[in-house]
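A, B and C label the chains in the order they appear, each numbered from 1.
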Amino acid sequence: MSTDNKTILISQEGAVRILTNSNPASRNAITPTLYAELSAALADAQADPETGAIVFTGAGDFFCSGGDLNLLAKRRELPASERRQILEGLNNLIRALRDCSKPVIAAVEGGAAGAGLSMALACDMLVSARDAFFTVAYVKVGLTPDGGATAFLSEFVSRQVLTEMCLTGDRMPAERLHALGAVNRLTDKGAALAEAIALAAKVANGPERASARIKSLCRQAHRATLEEQLDAEAVFMVESQADAEAAEGIGAFLGKRKADFAALRGRKQGAS
Amino acid sequence: MSTDNKTILISQEGAVRILTNSNPASRNAITPTLYAELSAALADAQADPETGAIVFTGAGDFFCSGGDLNLLAKRRELPASERRQILEGLNNLIRALRDCSKPVIAAVEGGAAGAGLSMALACDMLVSARDAFFTVAYVKVGLTPDGGATAFLSEFVSRQVLTEMCLTGDRMPAERLHALGAVNRLTDKGAALAEAIALAAKVANGPERASARIKSLCRQAHRATLEEQLDAEAVFMVESQADAEAAEGIGAFLGKRKADFAALRGRKQGAS
Amino acid sequence: MSTDNKTILISQEGAVRILTNSNPASRNAITPTLYAELSAALADAQADPETGAIVFTGAGDFFCSGGDLNLLAKRRELPASERRQILEGLNNLIRALRDCSKPVIAAVEGGAAGAGLSMALACDMLVSARDAFFTVAYVKVGLTPDGGATAFLSEFVSRQVLTEMCLTGDRMPAERLHALGAVNRLTDKGAALAEAIALAAKVANGPERASARIKSLCRQAHRATLEEQLDAEAVFMVESQADAEAAEGIGAFLGKRKADFAALRGRKQGAS
């Protein structure tokens, strides 16, 4: 474990890796180094056999305020191709959150605005303080959403509400996102991180390779056709049935004992 | 009507065909004969001009507990190609439920687990006892979802909740599925079948060929593009306008009498 | 502004263009002239630099009862190709509502039935009186949905509820659509138009070109893949960053003053 990074702080609780975006001077606004550091930290956590799940949060009492407007004010002076390249940095981070084979849970205090919202919703699960808010923000400064915000929101809100959120930039309370299903757990103020770690610990003790297949199925489910999904599920089930994890899981069930998947973590797929 | 089948019991109430999965020794777990028997029973019901809608339920007080773990424990000894072939048996049943031209309504008591959940959600509508539960289950024994579970769930839950359900295998109460829209009717314990038959009888008296077109539109609506859906709707509307069912329906409306679509059931499309 | 049209009445309140479908003899049922008139009125509103958003409503106390059954009764006598052509008139109107670069808000009193439902849901946002109802209707007269009804409903209801609505034609109350997210604002009876104008005025004062990009992102979000959406968002963000609207918005934010986007309306994209 290293804490040499300046933007992303890294810690561990049991099988849970905790990644904290730390830029408290500006409510954890995105810095030029965030994308590369967070992607590298995710790759480290994925490679670590002791880690079963990841929590992503912001330092202090605010998740992430999005892009830094002082930087964005000068972005117009860059050629379009460079602006696009910077945006691909965000897009690559979104892809890294989704492609990481281990579940990533966002823990939100205070609020998530702009690209902060995109990062929170790109995670596999979301724990939020009850008084936190979520906002697409961009329109208020004449900009448009990025980082997959409109894609992720469309997975759980109607087009009518999506349009209102994006055209007005109004805040949506965490309770509304919970009712719509995008927030898995609502907590008291200040308790989001602990609850996210508890949820992460629960799934970290599950079957590692089955969980990776499940994450893959879940992240494509809203966009794939039924035939694509039936095929992906069948391909994975054929793998799962031959995996030592299934032997352990089914054996434990039939033997009326608790399955011990943690002992199988870090092995190659299918080894038994 | 025949009751020679061992797994699927068949009965009729008016225009409603009732198919009951019966394997009470193991809470209606899936048996090797289920897929072929249920597919054949659906084809029979579709071909019967007296039948307008179908109810699919489980014998006794539990809908279906999914795969038989004693069988699954030995599945790993089969070559991958055979395991895949067995999974296609489930996939073909899911396709049969969807491709059947007549509406299929699931009636759930107790619970629906694993592939039992997939079968319940593959139906066109769903009636459930208030105290029943739904679970993706698989992960608990080191396996991954199949039979379209992740596709069907994604039609009404967020990716965040889908991921939690699949990674934890936790039970989701019928009331939550009702709030999310996947359960059309909640009933008291023991009353799901009667309510499902009542809902089936209502739609069984509708226009048979228009209803088949509607089922086709509804089962593709969540995955098609707008242009694909506008085109499919227009193709069907052109057919519907020329159908004797529309002549009867519009004529009844303008004549201020009740439409009698049942008399037109079993005729070829478009005959008037 | 002109009121020469017979079916579509046109008025203006500040930056909000109001288009009213007026055929009170039959609860604003669709007339042969509606499609062309409404499409032309949308094009006019889009071209007008004084207009920032559009409200679409029905005259009197009912939004739109859908197709005229007296006309539909004779439709079967036309060749299939002519029936299809008439349906493309409706489809082209749906496309015009979506392709209009300015936000269109539906204001619904009383109810929206059949193609009236399709038109209400094709709009970007929806304001409805609390006692209004929505119905797919068609099946009651032996017909099948058109105008994108099944596509639009699938963006916010489960397949199970979509199927029930389309197979039964039962009314769904505005409150249920609000809970599901398709209605942005519920109002008292008679107050939908005023509330829709207020919401339109709010977004009409936003950045015109950013809002057009946002509308485009929102209308494709439910159907696009994540990669398609990440790409579309990045293309638009590159444009937005260079636009005078962003200079005004970011400058106002950093200068702690209110942004004045209205002054930039009607300029060419990117001019600063």
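Methods note: a residue touches a chain if its C-beta (ideal position, glycine included) is under 8 Å from a C-beta of that chain, and two chains touch if they have at least 3 such contacts.
Keep in mind it's a predicted model, so treat the numbers as computed, not measured.
**Q** Angle of the rotation mapping chain B onto its copy chain C, from a C-alpha fit, rounded to a multiple of 5 degrees, please.
**A** Rotating chain B by 120 degrees superposes it on chain C.
**Q** Mind checking chain A against chain C and telling me if their interface is mostly the same residue numbers on each side, over half, or mostly different?
**A** Because under half of the interface numbers appear in both copies, chain C and chain A meet with different residues.
**Q** Measuring from the mean C-alpha position of chain A to the mean C-alpha position of chain C, what distance in angstrom results?
**A** Going by mean C-alpha positions, chain A sits 34 Å from chain C.
**Q** Listing for chain B: what residues touch at least two other chains?
**A** 180 - these are the residues of chain B that touch more than one other chain.
**Q** Using the touch definition up top, name the residues of chain A that touch chain B in the complex.
**A** Per the touch definition, chain A meets chain B at residues 103, 124-126, 152, 155-156, 180-184, 199, 202-203, 206-207, 210-211, 213-215, 217-219, 221-222, 224-226, 229-230, 233-238, 240-243, 245-254, 259, 261.
**Q** What residues of chain B sit close enough to touch chain A in their complex?
**A** Result: residues 69-70, 72-73, 75-76, 80, 83-84, 87-88, 91, 94, 98, 138-151, 153-154, 157-164, 166-168, 180, 223 of chain B touch chain A.
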